[in-house]
Amino acid sequence: MLGDGILKGLAETARNFFGSYVSRDRLTTIQYPEQRDPQIEAARSFPFLVFDGADWQQGLRCVSCQICEKECPPKCIFIEKSKDKKPDAVGKPQFYPVRFDIDISVCMSCQICVEVCPFDAIKMDVDYDLSTDDRFGGLLLDRQRLAKSNEHYNKIHPTEAAAVDAALAEERAKAKAAAEAKASAAAKAATEAKAAAVANPAPAPQPAAGESQ
Amino acid sequence: MTQTLDQIFVLAKHWLLGFLPAAIQPFCSALLSVVAIILVFATLFAITTWLERKGLGRMQNRLGPNRVGPCGLLQPLADGIKSLTKEDIVPAAADHAVHFMAPVLLVAASFLGYAVLPIGRNMVLTNLNAGVLYFFAVGSLMELAVFMAGWSSRSKYSLLGAMRAIAQMISYEVPLVLASIVVILHTGSLSTVAIVDRQAVYTGIWPHWFVFTPWGLAGFVLFMVAATAESNRSPFDLPEGESEIIAGYYIEYSGFKFALFFLGEYIGMFATSAMAITLFLGGWAAPFSFLTWVPSYLWFFAKLLAIISAFIWVRGTLPRLRMDQLMNLAWQFMLPMTLINLLAAGVWQFMPAGVARWPVCAAIVAVPFLLLARGLKQKRKFQLRTYRFSQ
Amino acid sequence: MTASFTILAAITVAGMAAAMGLRNAVHCVLALTVGFAGIAALYLQLGAQFVGFTQVLVYVGAVAILAVFAIMMTQSRPSATPAPRAPLWAAGGAVAAAVFAVLAWAIHSNALSVQALPPQPEAAPSATVQQIGDALMHRFVLPLEIVGLLLTAALIGAVVIAMGRREEMK
Amino acid sequence: MNPLQGYLLLSALLFSIGLAGALLRRNAILVLIGIELMLNAANLNFIAFWRYGPVPAALTGIMFTIFSIAVAAAEAAVGLAIILAAYRHSRTTDLDRMDSLKG
C-alpha cells in the first residue's frame, strides 16, 4: 500500500525519540569543553617544533635547513636562518632558526614537513582548541608557541616518539662513540705528545648541549 | 465560572476599551487584537524553534540545545540576539529596494492569514463572509515575496531556489484548496466561524469534527500533505535544499532579514496548521462533550502544538524528495485524490443520513486510493534518465 | 469621494502607471501586483468581498507569478527592455490620452449623470458567498459551464503550446 | 461628482494606462499585461455599476466580473504560453523584432 513505508519510518523515529529518554547509552553526545573523548594516538592537527631538555631555545632540534619550508604545499612555513652557529645535541655546531612561523590558517595538515624533516625536529600536534578572536596574530604561530618538549611528544604519540627517540639515541650514541674514539685518539696523541713534550693533558672537548635520554 | 474563564480575553478587551472614547474604540479594538495575535504567535515561533531542535535531536539520539538556560529554553532568545546583532549584508549587485521588501512582505503576508482564524469562542479578528477564500488569497502573496527574494539577490542559487519554491507552491495550492473545498461543500459557508460552529456540536460525547467522516479524514490527510509542501517543510523542502542550492531563495540574506524569513516561514506553517484545525479538527471545540469546561483557546493551542509536533516528527523521518517526484506527487496523486474526495463529499451530502453512507463514501475514497497506489507503484521502473534541456 | 477612495485610487494608478512605464520588466510586474492589490481593495470598498479576494488570488497569486515566470524564461540576462522610439511614444501616448479624454467627457457629460441613478445606497448591497453560489448555480449555470469548458481548454492548450514538440526540443 | 463617477473616471484612467502600455511597450509580455490592465479597468466598472446601480440584488455585475476574471486568467495562461512558443522560435520577446514570417 502507498504510504506504509512512511508509517514504518515514523515508527522508527518515534522509537528513537522515546528510546533516547529511556536508555542513556543511546545518547552519544559528549559535553565537549567539560568532557572529552580520549585522544586517539594517530590524531594530528598542526605541526609543532620538538625541543630536548628544559630550555626550548637551547634544545630546539631544528637546524633551519629549510626543507620543510620548500616542501610545504600551501607555503605556510616561514624560516629565518641564524647567522651564527650553535652546538646541537651531539655537539656539532649548527644553524638554528631565528624565526620559525607557521600560519595555521593556511596549513592544511598534510604532514609533509614531518615526512621530509631529517632531524625529527617537526612533528604533528593533536591540539584542536585553536579558535581565537585574533584572526592574524592568533593563528600565526611563532617559534615560542610552536616549541614543545619531547615529553609532550612522547605523551601524545607514545609509539612514534619511542621509535624516534630510539633512533635518535642510537645516532647520538654513535656520535658520542665516534667523539669518544676521537677524543681518546686525541688524548692518546696528546699523551704521546705529552710523553714527548711537557706533561699537561688537555681535556677533550665535551658536548656543550645537555643530553636528554 | 467556566464561561468567564472561556471568555476572559474577550472580557478583558472590552474592559480595557471601556476606558477609551467611543470614537476610537473600533480602531483600538482591532489594534489590540492584532498586537495580541502577533505577540502570541511570535512567542509560539520561539517555542517551536526550541521544540523542533530538541525533538529532532532526540530522534537522532542527540540532546539538542542544552546550554542556554534550563534545558536550553533560552536558546531562541540567544538566537534572536545573535541574528539582531549580525551584520546585514546586501549583495552589491542586488536590487536593493526589492531585496529589502521581500522579507517584510513575507512576514506581513504570513500574518495576514490570522485575521480569519478563530482562536477561541468569539475570538476571531474578523468574521469574513469569504474567510477561507481570503486565507488562500493572502497565502498566495507569499509566493510573490519568495520570488522577490530570489530574484533581487542576483544569485543563481537564490533564483533557482525561488523558481523551485514558486513551482512547488503553485502546484500544491491546487490540492490544498481542493482538499478544503469538501468542508465548504458540507457547511455551505466560506466563513471560518460558521465552519467551526458546525463542528462544535456533540452526539453523545462524540464531537462532529469533519475529520471523523471518510471524506474529512481523506481531506485532512491530503490537506496536511499539501500544507507541508506549501510551507516548504521537509520532506518537501527542495526550495531550500541545503545540499544542492544551499539555502534557496534566502541564501543572500543575513542577520535580521534572515531571521524574518525564518519567522515568516514558521508563521505561515502555523497559519496553515491552524486552518487545518479550523477546517477538519473542530477549531477550538473540545474533543469530548464532557471536556467543554476547558477554555476553548486552550484546545486550539493544544491542537496546534499537536500538529506542529507532527510536522517535526515528519521532518525527522523522511528524506527530501526529488523535483520530479514532487511534481508527480502533486499532479498524479494529490490532484486525482482530492477530486475523488470531492465526489465522496458530494455523495455524502446527497445520501440520506444513516449508517449506509459511511461505507459508500469510505469505498469511494479508499478504492481509488488503492488502485492509484498500485498503479503508481507499478509504473515506477528504473531507466536511464534523459534530459530535455541540458543536452 | 471619500479619503479612502482617493488613497486607493492613487495607489492603484501609481502602481499601474509604474507597471507600464518602468524599464525593468520584473519591476513592471511587481508594480503591477501593487495595482492589482489596489483594485482588489477598491472591490472590497465597494462591498464585493468575494470578487476582491478572487482578484488577489487570481491576479496577484497566479497571473503576476505567471508573467514573472515568462519573463524569467525569456530573458537570459536581466537587461532593461529598450525604450520605444520617440515618434511611437508620441503617437501611442496621444491615442491613449484621446481615449481617456473621450471617456472622461462621456462620464462627465449629462448623458450619464442626468439619467438619475437611484438614491445612493448607504450600505453596500449584500453579496454573500451563498448568494453568489446560488446565482452561479441557477441563473448563470450556462456561463459557468462554458467557463469551465474554456478553462479546461485553456489548461490543455497552454500546456501543449508551451511544451513544444518533443523532437524539436532535442 | 458622485462616487460612481469617481470609479468610472478611475477605471477610464486605468484603461488608458493599459492602452498606452499595450501600444508602446515592445516586450510582448508587457503588452499582454497592458491588456490585462484594460480588462481590470472594465471589471472595476462592472463592480461600480453593481454597487450604485438600480438592481444590486441581481448580482449581474459581480457575476460578470467573476466570469471576466476566469476568462482573463485563461487568456493570460494561453497568451504567455504563446509568447513562450514564439520566443522559442525567434529567441526574442521584442515585438519589433518578431516581424519575420519565415519559419
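To keep things simple, chains are lettered A, B, C and D as they appear, and every chain counts its residues starting from 1.
The criterion applied here is as follows: contacts are C-beta pairs under 8 Å (C-beta built on N, C-alpha and C of every residue); 3 or more make two chains touch, one makes a residue touch a chain.
Because the structure is a prediction, the values reported are computed rather than measured.
A.B. asks: Taking each chain's centre as the mean of its CA atoms, which one is most distant from subunit C?
C.D. replies: The most distant chain relative to subunit C turns out to be A.
A.B. asks: State, to the nearest whole Å, the distance from the C-alpha centre of subunit B to the C-alpha centre of subunit D.
C.D. replies: The computed centroid separation for subunit B versus subunit D comes out at 33 Å.
A.B. asks: How many angstrom between the C-alpha centroids of subunit B and subunit A?
C.D. replies: From the centre of subunit A to the centre of subunit B is 58 Å.
A.B. asks: Taking each chain's centre as its mean C-alpha position, how far apart are subunit C and subunit D in Å?
C.D. replies: Taking the average C-alpha coordinate of subunit C and of subunit D, the gap between them is 5 Å.
A.B. asks: Where the centres are mean C-alpha positions, what is the separation of subunit A from subunit C, in Å?
C.D. replies: 76
A.B. asks: Where in subunit C do residues touch at least two different other chains?
C.D. replies: In subunit C, the residues touching two or more other chains are 50, 54, 62, 69.
A.B. asks: Take each protein chain as a node, join two nodes whenever their chains touch, and name the resulting shape: line, ring, star, complete or other.
C.D. replies: Chain contacts: open path, no cycle.
A.B. asks: How do the chains pair up in terms of touching? List each pair.
C.D. replies: A-B, B-C, C-D
A.B. asks: Using the touch definition up top, name the residues of subunit D that touch subunit C in the complex.
C.D. replies: Where subunit D meets subunit C, its residues are 1-10, 12-21, 23-27, 29-30, 32-34, 36-37, 40, 43-44, 47-48, 50-54, 56-57, 59, 62-63, 65-67, 69-78, 80-85, 87-88, 93-94.
A.B. asks: Help me check something: in the complex, which residues belonging to subunit B touch subunit C?
C.D. replies: Where subunit B meets subunit C, its residues are 95, 98, 128-130, 133-134, 136-141, 143-144, 147-148, 151, 154, 159, 163, 166, 170, 173, 188-191, 388-389, 391.
A.B. asks: What does subunit C use to touch subunit B in their complex?
C.D. replies: Per the touch definition, subunit C meets subunit B at residues 26-27, 30, 33, 49-50, 53-54, 56-57, 60-62, 64-65, 68-69, 72, 78, 128-130, 166, 169-170.
A.B. asks: Can you tell me which positions in subunit B touch subunit A when the two form their complex?
C.D. replies: It comes out as residues 55, 58-63, 313-314, 316-318, 333, 369-370, 372-373, 376-377.
A.B. asks: Under the touch definition given earlier, write down the residues of subunit A that touch subunit B in their complex.
C.D. replies: Of all residues in subunit A, those touching subunit B are 1-3, 6, 9-10, 12-14, 16-17, 19-21, 26-29.
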